[in-house]
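Heads up, the next two complexes both have chain A, just with different partners, chain B and then chain C.
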Partner chain A sequence: MYGFEALTFNIHGGYLEAIVRGHRAGLLTTADYNNLCQCENLEDIKMHLSATKYGSYLQNEPSPLHTTTIVEKCTLKLVDDYKHMLCQATEPMSTFLEYIRYGHMIDNVVLIVTGTLHERDVQELIEKCHPLGMFDSIATLAVAQNMRELYRLVLVDTPLAPYFSECLTSEDLDDMNIEIMRNTLYKAYLEDFYKFCQKLGGATAEIMSDLLAFEADRRAVNITINSIGTELTREDRKKLYSNFGLLYPYGHEELAICEDIDQVRGVMEKYPPYQAIFSKMSYGESQMLDKAFYEEEVRRLCLAFEQQFHYAVFFAYMRLREQEIRNLMWISECVAQNQKSRIHDSVVYMF
Partner chain B sequence: MAESGGGGGCCPPMDLMRSETMQLVQLIVPMESAHLTVSYLGDLGLVQFKDLNSEKSPFQRTYAAQIKRCGEMARKIRFFRDQMSKAGIPAKEMQGKENDIDLDDVEVKLGELEAELVEINANNDKLQRSYNELMEYKLVLQKAGEFFSSAHRSAADQQRETESQQAGEDLLESPLLQEEKSIDSTKQVKLGFLTGLVPREKSMVFERILFRATRGNIFIRQTVIEEPVIDPNSGEKAEKNVFVVFYSGERAKSKILKICEAFGANRYPFSEDLGRQAQMITEVSGRLSELKTTIDAGLGQRNILLQTIGDKFELWNLKVRKEKAIYHTLNMLSLDVTKKCLVAEGWSPVFASREIEDALQRAAVDSNSQVGSIFQVLRTKESPPTYFRTNKFTSAIQEIVDAYGVAKYQEANPGVFTIVTFPFLFAVMFGDWGHGICILLATMYLILKEKKLASQKLGDIMEMAFGGRYVILMMSLFSIYTGLIYNEFFSIPFPLFAPSAYDCRDVSCSEATTIGLIKVRDTYPFGLDPVWHGSRSELPFLNSLKMKMSILLGVSQMNLGIIMSYFNARFFKSSVNIWFQFIPQMIFLNSLFGYLSVLIIIKWCTGSQADLYHVMIYMFLSPMDELGENQLFPHQKTLQLVLLFLALVSVPCMLLPKPFILKKQHEARHQGQAYAPLDETDESLHVETNGGGSHGHEEFEFSEIFVHQLIHTIEFVLGAVSNTASYLRLWALSLAHSELSSVFYEKVLLLAWGYNNPLILIVGVLVFIFATVGVLLVMETLSAFLHALRLHWVEFQNKFYEGDGYKFAPFTFIFTANEDE
Partner chain C sequence: MVIEFTRIHQRVIWSCSISDRTGSVNHLLLRKTEKETNQIHSYQRDREKMSGVAIHASSWGAALVRISPYTFSAIGIAISIGVSVLGAAWGIYITGSSLIGAAIEAPRITSKNLISVIFCEAVAIYGVIVAIILQTKLESVPSSKMYDAESLRAGYAIFASGIIVGFANLVCGLCVGIIGSSCALSDAQNSTLFVKILVIEIFGSALGLFGVIVGIIMSAQATWPTK
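So, the complex of A and B:
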């Protein structure tokens, strides 16, 4: 029913779309960031945030503030907003919203497994987890010794279970194969999400495929860069790339054989949308790549709001909020550590 | 509402008609007395400060640090409030003045109390925690003990059974396992076990994970604890299960321990030995009672502390809020270059000048300032805010008008007339003196209890009814009045003022038919003759009466609206609006619908049979035709021709001249400007254009003005017809009301009466009461209210009301005191 969403979308999705668009108006603007960047200490940041949607979440915090408190409270607000939307959602939107969480779930699983490997306290690890990616029995992950056990014990109950089919090995867990597990899971997740969006059809499929393709490509580039100089073989590397996106399939062939960052650059510059990102960087530099990708992502996410009657706005909004929290964290850290000159290094402005 | 109270001095006549004259004032206040000055002005509540630092972010302003301090104190106060409400200790009424206490003292005091309270809480929490742990332990001991003893019993039973079976010689069903067990009991692996509590909602998952992790090599028993247990970690009540897990092997144990940890299951040691169990239970009970007394003592101490906080709580709360408001206001003032004084700008009513100066002086004296503050009036071309001095009676009506739009500065205020016309139009639709009395009683309750109700927090709907209590009072009085005119009392007719003027011609005419009545007495002196009620011609008669009355009321209200536009035009000295708006509108409306009203009155007076529809319609369709039997007075046709001609002529008068005159005026002004000296300041320019109307020196777009005038004209011409028709809602709603009440009376009350059965009668009366209250007193009131609202907002106010002003929002502590977060 492409193009006819307008007829029926509002029956179930109208209220939530209105909510999410209302929330969007609450995102911090460039003016807010400019003000925040001028803050002298964390109290100033709190005072400035008290005029925003975060106000009520921060107002009861006693005075010596920490960056973690600010980030924690802002995340709490995000989670509350998310849960509110999830409560109101009906199928298939609720599944769509659930999909947004899976990425965090994967991250949390990896965090806990890595943490237990290095013998950290489970409680402490759980506190570090992103609240969006929490599920029952997440703490039980610490019991598992290898991938198979991990799956059999805990993850079989979670929505992540199907993604595990590719990485079931009985090897003991170590840093390397946890990282591979993360990427395999992510690959499976993105592909599943992509498929789900295609099934939804209409504007959702169109916009989401663009956003997810970007995500997949970014991951491909990051995997390539991070795996340069490790023992990962080309074939293994290629297996971690998601099977869609602008780079699929020819770009993947080329990325798989890259041996240094400039070769990656050579590959990416063949693709017009990514040309701009790479042309901003000087040769041999990879530090700024993350920020460049984030900026491009934010730009695309903002564009999702230009169209009506689709679910991608929810995805875009959640992503933007996460970026906003990252920004706040960076600003607070810079302010707390008196590194105000570096504030602008990592803040991504939206709107 | 900011009420200036009786202190405002003598009120100029009709001060509700035009908003107060305002002035832009500048205050130059020395730094040292600034705080006190703002505080006194806040008490006065007659100055609206302008934000002179709008380009600065909140923390760059002068008093940001103080605001942060106040925020911190407010946080502590919220913390206290929280603690007090948890402990169930109410805050005492305010004693003393908050001006006597010093903010710094309060800050220190609050800090000390908070630290103390936090410490007590921490201690209590620690005690409470161990208490809860012991409590859980006790439960585990009890429940697991039960389990073990029952297991022992059943084991013993089975043992006996097996023995008896063995005695009875090899039965085929004899369980192999038990046989083995009974044989190999010596070399059996020692099973370990763990006991503890797990939250009930997690218990299923817990069991499942345990099963999976140990590959089924465990045995778990769970028992439900009936009452919720207080969890030691979170301190909240939770439903829990006691579990006992049996396992074998150390690896399984470590796994189980990890899983327990992950599920937040608290483990407690447990001994198999029955004697030790009993000993543990007594020990635990003893410690529990010890802890209980300690905790109680701690709580007592805490309550005393909270009580002392409660005594001063309101005082501090008010003080902190006031201070915060003062600093927020101070932040709006701009700092003088010398940094010795603050400059404030703001709007204030002209009448308040003396009081403001007085407050400034007092502040200067009280703060021992060397220099006084300077008060001066600035000239500006900004439009001032609109400020009506209302009292508790007029404020609700003014709210009704403001809900549509706040009046332009000094524009004629429809609120003055709305005070009477609103309840009257309501009553026309709600004419029943019985219902009116019910509403009157309800609203009298609100008014008599005013003092008490105003201080407490009411529900949403109650708040609304309370806010509009005087409007409702007026509405009920008017509906009693119209009810008497309509002779309606729950749809029962009462010959109140005299017996009916009509009587039966002979005995045969029964009450139901009421035909063949003859006039025996004088006309019924007031309102409707009760004899109409229930007669066959009741509806046609009432409809005709009410319909015509609606038109008369409508035409007079619309005329009033147009006349108001004349007062506006005169006030703003715009002769264009008088000649080319007011007069043609007046002529147009009255030559059509004014004429209709006159016809209605003539018809009433003469008792003529003329068909007014016919007259009105053919006045347009074929004005030259003879009127025939519909003629009401001589020369009617000539008059109609003249009126029609006037109406037609007035339309172009409304449309054409005004834009051209405005254009000419603009050009003339522009020409003058071109030759004006170049160094002319803005201020003098403003003085020149101030009287000329609202067209300062903005761009003059002729086409825009013309289109605007065109729309305005079309709207008025069409509106004259549609608005008059719109007033017919008065008739429609009044009809609906009387029909509904007669249905409830006849079809419920009288029907139930007719059965002669007390039970049915009671049911009938109940239904009647609920229907009357629910449908007539609540729903009908709302609908009549809404229709009256519409008639005022649309039909009346669109004739003259611009409503594009903004409200005067003075800096005052009244708001600060009442506001709740």
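So, the complex of A and C:
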């Protein structure tokens, strides 16, 4: 019953919630980002990061540091935190935490299939995969020729199997179909996650509904913008939109027929939360859209911590860490390539 | 064969009528001696005079006044300590699990936040104290006076006192526990918040104290009839 979670949540979830809030206190603040933006080279960045929670992960790295190493080690911290929480969790929290990784699994599957299509080495691709999305038979993905084989050989044993019901065609895998496959899988995953959270009820359902609805709407806008000018038909485009969220169903009808960005803006400005995002951009500009969406996402994720005794703090923490790793990657790249004037283009400040 | 028990008097005298298929009725009257019967009759009249109610109306109220006041007293004492300890334990685990998790990243909070656990524990102590006070209020009364209005009142007073203290301490323990959990988590992020949230906890723990005060006042009513 909503409102009385405080009575029984701490039996199974009290310790882990306190741990995740401790991790949240270790996220980088605006002052940390300012320090990092002043750095001259990657060694300075490593020195500044050694004062944060990333210190123990970076201290043993040898001297010619690459940006990929920094990103890799920071991701390792995220994975360690996640695994520590997962092994201590009981049902239903463990299922909830597992759901957080399925998005990364989908990204890894698409990465390997695309890489194989472009004749890359499987081992090299596996090293590029996100560690949270690894599963045992991932190397076998390189063997598959079309989607039905992909499903039959590899994915039927993974947790992604139920998401494939709309994807099973015998078409060969090419770039367009892979993108469609990625979006179809992600749509099924989001809907499944949404239903699971609704089943949990209480504060978890309310906060996760808001976060997942924003995710679904953001993906709808990105699909629309990326498929303008391609050969994706309107019906196909509409099939890729999730069936929940603020834009469902009338926004989706209108987005499906959009042919350029100004029409998209016209559709989105009818919805007050998104009007604020789109009003920040001047006409004809779409580069800032990504950053605007990230900022809105971060704002909502930080709000999830305002309430106690629910599971959405775990989801919010994982997403905020990922955003932080994206920030660090951008800052490291700018510093390494000596383009510090562009640092503030893409860093999203959290606290 | 139909066996029908009818009560003739409110004590143990029953009339057992056994009728067989022929329809003839044999009355088997189990009764005490004539003298006791008369005594019981006069007892019933006295009670009717005292209470002014027709005691032998078949109603829930009639059943209730026939339960021994010692039963009510014993249940009251059990509830006073049992439910208080339930509240204290509930509050302690709510606070304790959050405190342990938060102390991993912020070890400085442990000693200060034990106050929340102590407030929850105080609730259990109130329950023990009131249970001890209540059990000193129990006295023996002779069996003739056991169902007097005065002894029923004493039994009900102890019962009510136990319920008041038990349930007030249950919700007080819960309240202090939940606030203690939030206090530990907030203190880990920002140490200036601790004292402010502690004030909320103090108000919460006053609820248990209200229950104890009223319970002790109620138990002062528990005067059994003198011999």
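Operating definition for what follows: the second predicted complex is superposed on the first by the 351 of 351 C-alpha atoms of A that agree within 3 Å, B and C clash if a C-alpha of one lies under 4 Å from a C-alpha of the other, contacts with A are read in each partner's own complex, and residues count from 1 in each chain.
The rule we apply is simple: a contact is a pair of C-beta atoms (placed from the backbone, for glycine too) under 8 Å apart; a residue touches a chain by one contact, two chains touch by 3 or more.
None of the values given here were measured: they were computed from a predicted structure.
In the superposed model, A:92 lies in contact with neither chain B nor chain C.
Touch criterion met: A:23 reaches chain C, while chain B stays clear of it. Of the two partner chains placed around the shared chain by superposition, neither chain B nor chain C is touched by A:55.
Look at A:136: by the touch rule set out above, it reaches chain B but stays clear of chain C. Using the contact criterion defined above for the overlaid structures, shared-chain residue A:39 touches chain B, although it does not reach chain C.
Among chain B and chain C, the chain that touches a larger number of residues in chain A is B. Shared interface residues of chain A (contacting chain B in one complex, chain C in the other): none. By the touch rule above, chain B contacts chain A in their complex via residues 57-60, 64, 67-68, 71-72, 75, 78-79, 202, 205, 209, 212-213, 255, 258-259, 261-263. Note for the complex: chain A touches chain C at residues 6-7, 10-11, 14-19, 21-23, 25-26, 308. Within the complex, the chain A residues that touch chain B are 35, 38-40, 43-44, 47-48, 50-51, 59-63, 122-123, 136-143, 152-154, 157. For chain C in complex with chain A, the residues that touch the partner chain are 90, 93-94, 97-102, 104-106, 174, 178, 181-182, 184-185, 188-189.
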